[in-house]
Amino acid sequence: MSSTAYFFQQFINALSLGSIYALVTIGLAMVFSILRLINFAHGDLMMIGSYAILMLFNAGLPVWTAILAGVAISGITGIIMERLCYRPLRGSAEMNTLLTSFAVVVLLENGAVLFFGPNTQPFGILNFIQPTLAVGSLLISKIDAITVVLTLAILILTALFIKKTTLGISMRAVADDLTASQLVGIPLNRVIVSAFFIGSLFAGLAGLLWSARAGKIFPLMGFIPVVKAFVAAVIGGFGSIPGAVIGGYVLGFAEVFFVALLPPDFQGYRDAFVFVLLIIILLVRPQGILGAKAMERRI
Amino acid sequence: MQKKISIAILAIATVFLLAFSGPVGADTVKIGVIENLTGSMASLDQPSLNGVKLALKEINDAGGVLGKKVEIIVRDGKSDPATLATVVEEILGKGVSALTGLSDTTMVLAAAPAAQRMGVSFVSSGATSPSLPDEVGDCLFLEPFGDNVQAAAAAEYAYNDLGAKSVWVLYDKAMDYTYLLQRYFCDRFGGLGGAIISKATYQTGDTDFRAQITSLKSKKTLPDILFISSGPDEIGTIVKQVRDMGIKIPIVGGDGYDTPLLAKVAGPAAATDIYFTTHVALDSKGTKAFVENYNKMFGHPPENGFAALGYDAFKLIVNAVKNANSADPKAVKTALAATQGFKGVTGTINYPKGIRVPQKSVTIIKVDGGKFIFEKEVMPSEIPAP
Amino acid sequence: MHSGRQAGYTFMALGLFFLGIYLLSAYGNHYYQRVGNLMMIYVILTVSLNLSSGIMGISSLGQIGFMAIGAYVAAILTLPPGLKERWLTGLPHWMHSIQTGLLPAMLLAGLLAAVVAFLVGIVILRLQGVFAAVATLGFLIIVKVIAENWMTVTRGGRGLSALPAYTNLWWTSTAAVVTIYAVWRILKSPHGRSMIAVREHDLAAQSVGINAPKIRLLAFVISAFFTGIAGALWANLIGVVSPGSFYLWLTLLIIIMMVVGGMGSVTGSVISAVGFTILLELLRGFENKIAMYGISYIIFAVVFLLMIIFRPEGIMGDREFSWRNVRRIIPLP
Amino acid sequence: MNINAISISFGGVKALDDYHLNLAPSRILGVIGPNGAGKTTLFNLITGFIRPDSGHIYFGDEEITHWEPHRIARKGISRSFQNICLFNRLSVIDNVIVGCQIRQHPSLLSALFKTPGFKRNEKKLRDSARRLLSVFGLEKQSDQRAMSLSYGDQRRLEIARALAARPKLLMIDEPAAGMNPRETEDLLALILKLRIEFDLTIILIEHNMNLVMPLCETIQVLNYGRLVAEGTPAEIQQNPEVIDAYLGDENDIASHGS
Amino acid sequence: MILQVTDLEVFYGNIQALHGISFNVEEGETVTIIGSNGAGKSTTLLTIAGLLKPGKGEIKYLGTSTKTLPADRIVRRGISLCPEGRRIFSSLTVYENLIMGAVQRRDRKKIRADVKWVLSLFPDLNSRLDQAGGTLSGGQQQMLAIGRSLMSRPKLLILDEPSLGLAPVLVNQIFNVIATLKNDGTTVLLVEQNARRALEIADRGYVIETGRITMEGSSTFLKSNDQVKSAYLGG
């Protein structure tokens, strides 16, 4: 394999990893921008979506129906989560809501262990898609190709939604100024619920893609992606949706090339590197790559 | 306020005391089972517990031991060393004859010292570090063979039978088992004259191994085999991604492969040309009954090799109780140490004098089109020191 | 009330406490002793976290990182020399032959944790609120990754085992009492007032001459010191340290203990750490009885959720225990 | 106090432009101007919360332009805030004690071991805080939390805390905001009393002319970050530019209206 | 009577911000509330808009209580508060800001017509429709804020300090628009620090001090009142 081909192969790896990160991050950023809530349970929505898809499929539903229904279940779980756990806490300290989301993680993950069992389960329902496409000396797995295309499509749709629809503009308005948006009559609850729902749909979809790549699901599968998405969100500028996308890709590329370019003894330090990067970004450019407003200290 | 709090504390303390002072029956043989039923280790330890439960049922159906029923006291260690260290004390307080469970070295090291202090033997059902018994003391027994044995077997099989002269190694840095396995493998493979081209690592929980695989692909000369040292949860994904990236080189590994997940996650097309060492061929005659009974009891075949290990470890203890003709922990320990020719599902266990790692032959399984096929039994000619 | 009399009560209470410790270590079974030890360690962790998070107001998710540092330092120091030579080839030679007792190990563990806190704090404490939370979470993960990868010093994912079981109830309870006393004294000193002032209003505090970054760093470092000590006690109690032991679950556990006890209340932290240790054991007992493993953590999470929704200030708010209040309820001499 | 031509801008908008100040000791300066004119920005610049883009600030003979806020405070400049910034969950007396302890550097060890020196020191702090509270008529509330005080009491407590730091220069931001005329009169008397008792130089931001006019010896008028006028209260009241910018021109509607 | 506030008390935690405020606004009237900073003006307005919950007292709008309604329902009923400090959506374009003002409405055609109408009131905004709100000057932001409030076609328009921090020319422009609205028959409740200007334009006024109404009357009466003069008119 030539070094250019090597580079391109790693590039493709990074692109598909980055796509999934981007997809998870958008949902996280959407909720954060509106509520200033870092929802660590977002990753568990991926888990719930994946399990739902698998169970519905095993119950005999056609693949695509199972996928649609599973993703919808993930969305609905997001709404329930908001209603039961986060709405009662609205307006309380950021730290409290952050901790609440951790508690929700404990709740959902242990619940999943109880209901689904702790064991890893194979997730092969997309295996009928032939594994690889050969492009010259490059091999592109079809799941990767689908991931990238699907993510890009969703990103474009989301951008249009946010830009053009009243609900999308309302979300940006609420993110911009919560008080003023209430004063102009934006129905806050509806906007928040919508943000949770859409974000959770994306999480469900990301769960599907993530599980299809890994070929397996397990109850604790959500934590690593959500932590990564969270880093991606900070890199991109928390709350900014285009930033979330960029952050996702930056992280995907950083991770892949960190492993690709360094000797094996250092590969293990990948996550440390990711977080050093995060801390540096927080210090140097707390608003992230695309974050517009600097954090102003109000006196 | 203060009053409410003090009342609450009193109430909690009372309940606390009552909760653990139930009557203890003396007409059963009690064996403690510690497993991580929740948390990161649960996928190894739950099957192990199922194995124990199956063994228990069989033993009690056959009349128990020493004329008494056998009773298990199960505690969840939550994959957390502090919890393990606590529950082991709790179980020891209930007068058990011996303990079993746990599939990870670190977890055993958190739980077993308390048993050692009390002189109660602990048979590790799944941890395979050969130095474990020396680290804990004379109460700790391994049910499976040590990693050095299976790694040496894999190396000899790869070098002699597969004719491999060079290897690329990928291993999980976060686990004791995966680290030791590849180290012993490299020791023996190098000793035979094989070349280690390079090593790459990942961490438990990773789901993306393409960066590592792509760097393998970029090597000027590809190795004859890949030695991938992985636990049961990652191996399917790794195989899938290796094959997806167009690498058809044979893959060799250890008993972590012994799970249906390997074939199911990777798919039958990818799960081909894979060879691994393990304790038992689940499709062989000797194990057929075990698999069937397991299926009957739990509604599905054993999730992985740990089910059989848990089953054997428990039977091993009961066997020792029978041999000792006593449920006294000291006697059971002596009997365990003297175990000879105990036939389990996972092979025949002999503990040579002073050595509490069994000398067992290693089974080599070949995976072809997702099917596990018994290849051969190997007793390595040379075993790296623990 | 006369302060001499209060001191008298306090000494009597301490006497009773240590009498209890004596009875438990002499006559209690190992299980109760083990729970007692963990309880005391949780008290240290919660009270010291309260100093930096509750009293000082630093949103830290990285506290357990300092515990990990303390635990590893103590583990390396107390590991038998033979094993040290075999496993820890990355250590300087002179260290191979050293095996210390618990006290020096504890103190060095605390000191090293404090030094790391100092260095980390200079960088991270410039951030506030959730951003500080994120950065400290990053610190925790970095510590874990280093512990997993620095094979020649930490032995990687396999961890350090066969540590001498030095820790007993006397050590843990004394360390807990010392921690409570120290944090209490700091709370009642000019430093403590400055900490609360900075927490309540950073800028106003600076306008009356408080060096806010410095006082934040001070709280962070002291808190890390005691957390490091708790790590050392933990290491020599459990006998094995591994990277996975000091991670999210423990982080969440002590934060929840602190929040439920009341951010800023030392008393609350003590009550909550003691209460939760018992609650978790009870829940575990319940879970074992019904054989639904995992239900205890679910109940635990629900308890926390209900608490944060209906009583977000915790059991004690930021109030403290005082003999004056006790006397209102129970007639003391 | 001496300020040379400081300027600062936020996002392209000049918040303060070419501002000068020369204030002799023991004087009272009033700064007035419409909201958003840059008054509070001026306070934040002097107390070090924000740094000027250009210019210099001297206090006594030292340049304090780039000092940290706490260092400036220790040098002898105290302030109150426009929207009350108390340490809400500290008791009233502790709020003042925090101000009192500005010049102390007790060691942590003395606190840990509760040395006699530490106890003496605590008693001294408490006594002086109590004395200060009685000046402000807050001694009865000293054990309450600051957040439970009434609005007027909170304003007074904020000044008390600022004074506890024994400043040479006291900067008060809208002390009479939200006070009724009677309370305002009391405040006027209080400030005059404090000035003599503590030998203070005072800079005051205030909208309430009932306070500004009788209290201040000099008045500066800011508008759009620019210094529009400076002079005695009488001069300011006559200044047409000031009337136009701040007090409002009665003819505006007539001349521009529909 | 379009708005009637009776004995309104509001608390922030333990602190009482309003000590029983009563006032009313008649249909078509322009009423002003004057008072110094911290007197409770904004608190009163935010409570009417449904953002703060009243402790005691009653708020009646067109005869029915709005005390328990959420903010968006109050807007739908026809009360629109243009908040102090403009609070436009700085990352949204001018056009989007205006659209958000009409978020409760479903009549797309009329909304488009109303955008035109608002732009005719504030011609400055015309050329800046696609510009982000945050890039506007202070005066333009204030116009946008008022325009946004008008987009809900309120029966009662509440303006909180519309002239704050604006240059005299712009202040004039803002007051001219208020005058226009008034002539068109819109009911306006105006809170101002620039008491002189407020009293020029209003029919009646209330003086609020430390959470209490201390004076009320026609604008002419208040303007000539010595106390008001000395405290708020700088005379």
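First chain written, first letter: the chains are A, B, C, D and E, and each begins at residue 1.
The rule is short, and it goes like this: contacts are C-beta pairs under 8 Å (C-beta built on N, C-alpha and C of every residue); 3 or more make two chains touch, one makes a residue touch a chain.
As the structure is a computational prediction, the values presented were derived from the model and not from experiment.
A.B. asks: Stepping chain to touching chain, what's the minimum from chain B to chain D?
C.D. replies: Between chain B and chain D, the shortest chain-hopping route counts 2.
A.B. asks: Just to be sure I understand the contacts, which chains border both chain E and chain B?
C.D. replies: A
A.B. asks: Please flag the chain sitting at the greatest distance from chain D, going by CA centroids.
C.D. replies: That would be chain B.
A.B. asks: Look at the interfaces B-C and C-D and say which one is made up of more C-beta pairs in contact.
C.D. replies: B-C
A.B. asks: In whole angstrom, how far does the Cα centroid of chain A sit from the Cα centroid of chain C?
C.D. replies: 33
A.B. asks: Rounded to the nearest whole Å, what is the centre-to-centre distance of chain A and chain E, using the mean of the C-alpha atoms as each centre?
C.D. replies: Their C-alpha centroids are separated by 41 Å.
A.B. asks: Can you give the whole-Å distance between the Cα centres of chain C and chain E?
C.D. replies: 53
A.B. asks: Would you kindly tell me how far, in whole Å, the mean C-alpha position of chain D lies from that of chain A?
C.D. replies: Roughly 48 Å, centre to centre.
A.B. asks: Could you say which residues in chain E touch two or more other chains, in rising order?
C.D. replies: none
A.B. asks: Can you list the residues of chain B that touch 2 or more other chains?
C.D. replies: Those would be 37-40, 173, 203.
A.B. asks: Mark out which residues of chain C touch at least two other chains, giving numbers and ranges.
C.D. replies: Residues 148-149, 203, 293-294, 297 of chain C each touch two or more of the other chains.
A.B. asks: Within their complex, state which residues of chain E touch chain D.
C.D. replies: 13-17, 36-40, 138, 161, 164-165, 167-168, 171-172, 175-176, 179-180, 183, 193-194, 196-197, 200-201, 209-211, 214, 227, 230-231, 233-235
A.B. asks: How about chain A: which of its residues touch chain C in the complex?
C.D. replies: 36, 38, 85, 88-89, 92-96, 98-100, 102-104, 106-107, 110-111, 113-114, 223, 227, 230-231, 234, 268-272, 275-276, 278-279, 282-283, 286, 297, 299
A.B. asks: For the complex, which residues does chain B have touching chain A?
C.D. replies: That would be residues 37-40, 42-43, 46-47, 173, 198-203, 205-208, 210-212, 214-215, 217-218, 232-233, 236-237, 240, 243-246, 260-261, 264-267, 269-270, 303 of chain B.
A.B. asks: Report the residues of chain C in contact with chain B in the complex, numbered from low to high.
C.D. replies: Residues in contact with chain B: 29-31, 33-35, 38, 148-149, 156-159, 161-162, 165, 234, 237-240, 242-245, 249-250, 271, 274-275, 278-279, 281-282, 284-285, 287-288, 291, 293-294, 297, 315, 321, 325-326, 328-329.
A.B. asks: Enumerate the contact residues on chain B facing chain C in the complex.
C.D. replies: 2-3, 5-6, 8-9, 12-13, 15-16, 19-20, 37-40, 74-76, 78-83, 85-87, 89-90, 92-93, 105-106, 109-110, 113-114, 117-118, 135-136, 172-176, 179-180, 203-204
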